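Two complexes follow with chain A in common, the first pairing it with chain B and the second with chain C.
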Partner chain A sequence: MNIYAYIFRRLLYVIPVILGVCAIIFLIFNVVAPDPALIILGKHATAEQVVEIRQQLGLNKPMLSQYFDIVRSAFTFDFGRSWSTKQEISEMIKAGAVPSATLSFPAFFISTILGISISLLVAFYRGSMFDKVTVVGCVTLMSVSSLAYILFGQWFFAYKLGWFEISGYDYGFPYFIPYILLPAIIWVMLSVGPDVRFYRTIMLDEIYQDYIRTARAKGLSERVILFKHVLKNAMIPIITYVVIQIPFLILGALLLESFFSIPGLGSITLNAINSSDFPVIRAMTVLSAVAYIIFSVITDVLYTLVDPRVRLS
Partner chain B sequence: MAEKILEVKDLVVEFRTDRGRVTAVNGVNFDVHKGRTIGIVGESGSGKSVSALSIMRLIPNPPGEITGGKILYRGEDLLNKPIEAMRTIRGNKIAMIFQEPMTSLNPVFTVGNQIEEVLKLHQPELSKAQRLEKSIEQLKLVGIPSPDKRIHEYPHQLSGGMRQRVMIAMSLACEPDILIADEPTTALDVTIQAQILELMKKLQTELGMGIIMITHDLGVVAETCDDVAVMYCGQIVERADVKTLFSSPKHPYTKGLMESIPSFDSTLGKKRDRLPTIEGMVPSLFDLPSGCNFQDRCKYVDDKCRGSQGDPQLEEAASGHSVRCFHPLNA
Partner chain C sequence: MSSNVQSKSLWRHAFEQLCKDKLALTSLIIVAVYAVVAILVACGVLASDWEKSVGPSYNPPSLEHPFGLDIFGMSVWAKTLKGTEVAMSVGLVTSLISITIGVTLGALAGYFGGKIDEGIVWFYTTFTSIPYIMLVVAIAFILGKGLMTVYLALGLTSWVSLCRLIRGEVMRHKDREYVQAAGAIGGGDMRKLFIHILPNVLHIVIINFSLSFQTAIKSEVILSYLGLGVQGRPSWGIMIDDAKLELARGVWWQLAAATLAMLIVVLAFNILGDALRDALDPKLKGK
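What follows is the complex of A and B.
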């Protein structure tokens, strides 16, 4: 079975998953949640107003048809209009994706590379003072609230020292760079702790395997063992961990974006939640579900490339 | 006697644990001769694998540490060598195969890649094509059918016996002087076990290497070894050539081991006696008794064994037959 047929078959499995995810989203938004008409109009709405707004929002359509609207949106990305801004949601997402991506992708890339490199070093010097200090450092970094980093960074480095912009965003390369620097650094600080701890565990797990002992018995140097034998085996869990985070990058960083006034998808989502803008929240939910499913397919395909034991069947 | 290539002298290996230091190997001496096989027999935890790993300097440190003794390879002490020099010996002059053929090969590289890796490291003068050719030759040598195809396969595509053959092919790629085999057949079926042992014997006659055979199986010893050292609690308790050891064991422990092998007659014959066993348990390395380590399980025990005259020493009882016992048995 070749890889294209495998990808195609794997994509076919996506369809029932999306149907299921849409059913859950439908249940949450259209069945369990309170009547959006009442949320929009408030308690003192008249019966006619309720009927009218329900018609506008399409809430008087049959349940099944509302469900299929959600399913359709998962494939066409046509999510209708926002209740509060009346904009096309797909346009809002397109506009928000760029600022989100300019922050999240560089930050994620740097923190992943940094995490893997540090954990390889730590694995090399396992049990030494360097190892211990790094682990303690990671836990310390992780234990401080992200709010502390944001507020301290904005007050001290941006306001007092004036090294960075305090908040805001500018479109286009390279104009956005000054604005994303500080949030990106904070992102790296926040994620490098858990990353190093996770990767270190994986590396150490490999280092005590029998085939590493064989590699030593062959006379290979510790460096070759680490970069060839350990790293290739460690790639399997690392890929899972890395690729499955990508959908969340697309959605943007809720907290960082809103504190730094970056008009990305994270900000859009937060605003929608604040104003009970159901179609936008629902659109983001559908979008994240679809992204998650697609990236899990990508993970599976990548497995077949790094692990010969995964047979394409 | 054949040329002596390796001499292990008074080897002491200690491990640091949460409960304190333990001496896993305590003053072990044995020699390896060209073209001969020395068997090291003992129960789990008797220090046989640790002794073997020490020769390769593969004791994980921490927690383990070689704290005493010498390992002389062709007159040079391996324990004094810098680690870089040691790496040119590992896999090249002294090679090792392990108990776990299923996990001892790296799952994400092809068999060929793993054999070629040794050649690339120790024989850099070979070209890529020569390495491939030699790797295929090695697989042929260990009796793997259609080696030119198998060389491109991954370990998971091979059975346990095949993987152990690959391990042997890999370890012998540089024609080492010494092959350390740490329970090479323990994880294999009995039929495969016989094949692997047969193969090792055949290769030994062809290549003339000395073999250190670590095992707990006296059957394997009888079949493959020329000399035997029996280990108990980190010490050699008896050492002799294989015929002498089997015909007249002098240490009560060795004798107990021999008696606890089920024989064909006793299982099929009319008289179905219970299989004799060695009573009791191996003492914990954390609190060894003073005197003889075997005292609690020995039927000949007296005050002397309990430490009234110090610990028993490994002494020559007959020519080429040493035993660590105050009351060696007479055949």
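What follows is the complex of A and C.
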């Protein structure tokens, strides 16, 4: 099969997956979830009120058309209005995207660079005390609850020492920087552990390959081997790992945004969860699922383009 | 039976290697201690009086109460012990649910291939496209709050990675000679799959078990913060969540106790998981 046919088929596969995602969302929110009319009106609603609100929310439409509304929203991004704020959800998403991006992209960039650099160092000194201490350190970092990092950081570094803003957000460069500093540092602390472990495994996988033995046998220095051969070949899984994380940046860091009062998509989502605002929760779910699907296609295609060993099947 | 002898030697080899590794052995002991504590708490031997007020509100750590007291004057130490029961049961039940789903679907997909495989792969691709936290919240919405919700929400959402691994491994095994031999003497599909192939991929399940156990313990905290966790009894998640109001008044001991209790057991599971992988994964042997 040639590569274009493969890419075409991979793109076609997006359709059943999107239909499936919408089916799960539909099942959860429109079929098995408790009746939204009762959530909004409370337990003491009269029958007329329930009928009226169901009419307003479009809950009396046939099931199939409710399902197709969700499928349509995955393509048009028209999610209707929020139940609690009555705002257009697509407008809310546009407003929340900027604060989320100003936190998540710098933090993601720094933690990725840091993770790759540390893992290169660790791979260079593999088996040494430094390697062992780093690995145990990473595991320890990963073993602390993310909530504990946030609570302790906010209390100690922002409240007690006053080094950072406790919470809040300001729009525009460079005004947002003081507000994202501490959340970004916590983000890096949270992700550097798993990142270093993952990248280290990849590097070590490459180091034990035959071509590295050949390189060593012909007299290349460890440094040349590491940077010219190992890093270059490890780039394929590294890029895959990085690209597949990007869609998760969309929801931002739910907890970080909510604790530091950053009005991003994560905060919007958590507020929606707290107020049982189904349309917003549904919209965020559809949005991040579509992003995930698109990026996994990109990863797959990149993989086949870059790595000739990947068989197209 | 030769396969029996060989699999025994793999396990014995793994066990010996684990015993040589001091760090892994310590982790195993730590996990065992936590398990014993959880069982004793469940039986009412330990921390049965956690609800009793033993002193003034927010009394700081003292000799008598090493982790201090909370807002109602309850001993934070007793609450931490009580939380161990929740954490260990969440880890265990969640892992069992996800292993059951993951192994069954993965084995069926890998063994039968074709339409069954396509269907299962489609299902988990769809499933992973939805962010984990949204699925957990959605399940909690449907089931209401409580321990059962925590079990199901975490268990039903954490089987995909294991399913993928098992599928790949079963695919690799299904055409091997020993499976053909089992077929030649009249073994059916189910017999070949569950009696012959599955024991040979069991090491993946064990490694995955120790990882999913600690992920579940960590996720319980997030669910508690979202207000979807256990109700009416202490858990580490609820203790950490309480701390968000306490810290401003300088009450740090509840956060410290829950974080420390969690750190130790999660760290132990992490180290154990790595050691198990090194000991059980034949691909890593000799490295």
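Assume the second predicted complex is superposed on the first by the 297 of 313 C-alpha atoms of A that agree within 3 Å, B and C clash if a C-alpha of one lies under 4 Å from a C-alpha of the other, contacts with A are read in each partner's own complex, and residues count from 1 in each chain.
Here is the rule we use: a residue touches a chain if its C-beta (ideal position, glycine included) is under 8 Å from a C-beta of that chain, and two chains touch if they have at least 3 such contacts.
Predicted model, so just to flag it, every value in this text is computed and none were measured.
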Overlay on chain A: chain C relative to chain B, clash or fit: fit
Touched partner set for A:Ile246, first chain B, second chain C, both or neither: neither
First, second, both or neither for A:Gln209, with chain B first and chain C second: first
Partner chain(s) touched by A:Ile110 [first = chain B, second = chain C, both, neither]: neither
Of chain B and chain C, the chain that contacts the larger number of chain A residues: C
Included angle at chain A between vectors to chain C and chain B, based on C-alpha centres and rounded to the nearest 10 degrees: 70
Touched partner set for A:Ala45, first chain B, second chain C, both or neither: neither
Partner chain in contact with A:Val301 - chain B first, chain C second, else both or neither: neither
Nearest-approach distance, in Å, of chain C Cα atoms to those of chain B in the combined model: 8
Contact footprint of chain A on chain C as seen in their complex: 122-123, 125-131, 133-134, 137-139, 141-142, 214, 218, 221-222, 225-227, 236-237, 240-241, 243-244, 247-248, 252, 255, 258-259, 262-263, 266-267, 270-271, 274, 287
Chain A partner contacts - residues on chain B that touch it in the complex: 56, 58, 62, 87-92, 95-96, 98, 100, 103-110, 117-118, 121-122, 154, 156, 167, 170-171
Contact footprint of chain C on chain A as seen in their complex: 16-17, 20-21, 23-25, 28-29, 32-34, 136, 139-140, 142-148, 151-152, 154-155, 159, 204, 208, 248, 251, 254-255, 259, 270, 273-274, 276, 281, 284-285, 288-289, 292-293, 296
Interfacial residue positions of chain A with respect to chain B in the complex: 127, 209-211, 213-221, 229, 232-233, 306-309
